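Could you have a look at this structure, given as structure tokens, before my questions?
Order of writing sets the labels: A, B, C and D. Residues in every chain begin at 1.
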Amino acid sequence: MSDPQTLLLTGFAPFGGETENPSWLAVRPLDGALIDGYRVVAVELPVVFGEALRALEAALDRHAPALVLCVGQAGGRAQVSLERVAINVDDARIPDNAGNLPVDTAVIEGGPAAYFSNLPIKAMREAARAAGVPCEISQTAGTFVCNHVFYGLMHALRERPGVRGGFVHIPYSPQQAAAHAGAPSLPVELATRALRAMLETALRTGEDVRIAAGATH
Amino acid sequence: MSDPQTLLLTGFAPFGGETENPSWLAVRPLDGALIDGYRVVAVELPVVFGEALRALEAALDRHAPALVLCVGQAGGRAQVSLERVAINVDDARIPDNAGNLPVDTAVIEGGPAAYFSNLPIKAMREAARAAGVPCEISQTAGTFVCNHVFYGLMHALRERPGVRGGFVHIPYSPQQAAAHAGAPSLPVELATRALRAMLETALRTGEDVRIAAGATH
Amino acid sequence: MSDPQTLLLTGFAPFGGETENPSWLAVRPLDGALIDGYRVVAVELPVVFGEALRALEAALDRHAPALVLCVGQAGGRAQVSLERVAINVDDARIPDNAGNLPVDTAVIEGGPAAYFSNLPIKAMREAARAAGVPCEISQTAGTFVCNHVFYGLMHALRERPGVRGGFVHIPYSPQQAAAHAGAPSLPVELATRALRAMLETALRTGEDVRIAAGATH
Amino acid sequence: MSDPQTLLLTGFAPFGGETENPSWLAVRPLDGALIDGYRVVAVELPVVFGEALRALEAALDRHAPALVLCVGQAGGRAQVSLERVAINVDDARIPDNAGNLPVDTAVIEGGPAAYFSNLPIKAMREAARAAGVPCEISQTAGTFVCNHVFYGLMHALRERPGVRGGFVHIPYSPQQAAAHAGAPSLPVELATRALRAMLETALRTGEDVRIAAGATH
């Protein structure tokens, strides 16, 4: 009897002066969980340009997952957001955890301008909402380590036919927001619930549903 | 042996097309709870100008509470907010649940322009934050039924020396926000936790702490 | 032949690290203007608790205006806003220009909790919009020097029967916003145009029009 | 003596229920202007998927511009924003002016996932700010007709070596914002001033300056 295939879930270490990162807190409880016959492997990535991608690639090699979902913190956003597209640029407003401050450099020299997620993000959004968690499609993952990892993931998946991947941003935890006047928040338990619902839906969905979720600008 | 004194907590019925009101969902679980030797009585108020105040006054007469905290929904706000001041005006952008649309009428004809809460709102804010719930001071409770009830409460307390009162707004629940693209949310369990922490602190605090929590505009 | 009656318009000095205050830039061009037979007198007030009020009272004594409109900067607001109510509290998040940081002290010891503007703010909002300037009613003037001056003005007008007064907040100028990532702005020329339209309308309007312009929270 | 080379500036027709589009109002006054020896040609594009691109391509063929800047309205944004990247997707929340509602279709079937602007957007941002106009870099042009035109422009420029192109979003005009409660605005005169400063800077700048202007998410 063979081992079940794996789903790779990643979260990030704390950064930007925070002592926790809700993305890792939301992902960790799913480590080892069985979802539709797949085993979840949760991995924490460093918030460091380059290093984060090497850690991701090591996890891809080690676990040979059927599907990868990377998760990051989006302090200031009010909802879980499913990213549509990763762009080939690093442009850091704040230093990463190793002090790097790249400006307008490529994530992958010579890579294409962007990659779209190949997960069914519209169906996944519906699943998160049906699970009672506010969720939206986002047209930009920024230009910091989250976008960097998302781009590097999709680039790496070109060599791994049939493997699907994407990126999800989650809000501050209430504990973090209690220290950030005015910032919206979402408990990590709800983020975890949304991630589980999204994974189940992604595994069962081939072509995405056609629901408008664009932005006029 | 005498009955314990009561704390009156009120929430509101759903309005504005919603099927639930998180203020009532957050308040209801505390009904009957003992907090520092006081018994909590939770009462749901209608979202109707005039009627809401009559229901509040009936509850004041019936329960003779030592402290009153009214709670309402503030769809779009990201944090629990402690209201500083109630103003003597009704100005409705949307109809209340009976179809009333008052414009620039007094809550209490001949009443003063405003009442300040006489609860230690700064200390209560700190207590909510310490309990892990994002919380802020608000300088306006609006001009709809929430402000109406807050004003009517403080007016009624003039006849009840020693009784303290105030108003708290809470965000949409995640379930509501899942249907309102972009709106921030807070689980009602966290709102309940904040309310309990606030009540404990209010009971133990005489003069409020001096912490700046104003707005430049 | 007697001198025309005066309209007192006030703006503020720069504060909070800014080198200009759009409120004074918007008010100054109207100094000496004739509006409906009234002569405008423009006065710049210091951004200092107490001192600002003494300067305002001196101007009231000197010019005996028929109507007073105080104007302040609301960095971050997107529209001209007509304030409805001034509250009797100073609560400073940032120091004023003399380094004062009052927390929860009264503007006027023993004064009422609040004063409403006695200007026809709804009609004035319509006039500003008709002049092509975005304008809204605001339910809070904050707790800094703007609210302080607005409260002190309305308190002083109790001794001056028939004199009407109010407060208007205006956004950053584009030059300021060019230095504040993401902040909305309005050219001072448009603020000046709105102020002129508001003054004309205030002079011609007795009882305010009944237009809903409230807030649900 | 030869004719001067041209700069192509485009704006859009009104859409979404508006009676004007500030992008065209801002662009039109520059029609025929000489900037650094180049003649500006301003063209209005329809807000219709497909048709807009055909009109743009006709203008490219007719005027053979050295540089192209397309301009669109971003109702709700507070600043002029220089777009960094166009993505190969149409996803319409609202119908275009011909009633089309594409969902997740490609702008150009078989085209790359995205194109970056090849204009010096950081230097252009600095120029707009120096001209006193609030300006920022944007990481997403949305998924409506603006992104559609921006993507189609960059795709067309692949066949026109040496021609540079990009996209700028501008806020509502004050007249529009006066009808949209709470929306920020910018006078079209200031947008025009920013566009002129941007064009001058683009013409004089080879490689862009290295200034961080990214987003953490």
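One rule holds in what follows: contacts are C-beta pairs under 8 Å (C-beta built on N, C-alpha and C of every residue); 3 or more make two chains touch, one makes a residue touch a chain.
Everything numeric here is computed off the predicted structure, so don't read it as measured data.
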With over half of the numbers shared counting as same, classify the chain C/chain D interface as same or different. same
Chain-centre distance (mean CA atoms) for chain B and chain C, in whole Å, is 30
In whole angstrom, the CA-centroid distance of chain C from chain D equals 38
In whole angstrom, the CA-centroid distance of chain A from chain C equals 48
I need the residues of chain C touching at least two other chains; which ones are they? none
Touch graph across the chains, line, ring, star, complete or other? ring
Chain C touches which residues of chain D in the complex? 78-79, 128-129, 132-136, 171, 174-175, 177-187, 190
In the complex, chain C residues that touch chain B: 16, 72-77, 84-85, 87, 89-94, 101, 103-104, 112-116, 122, 139-144, 146, 169, 208, 210-217
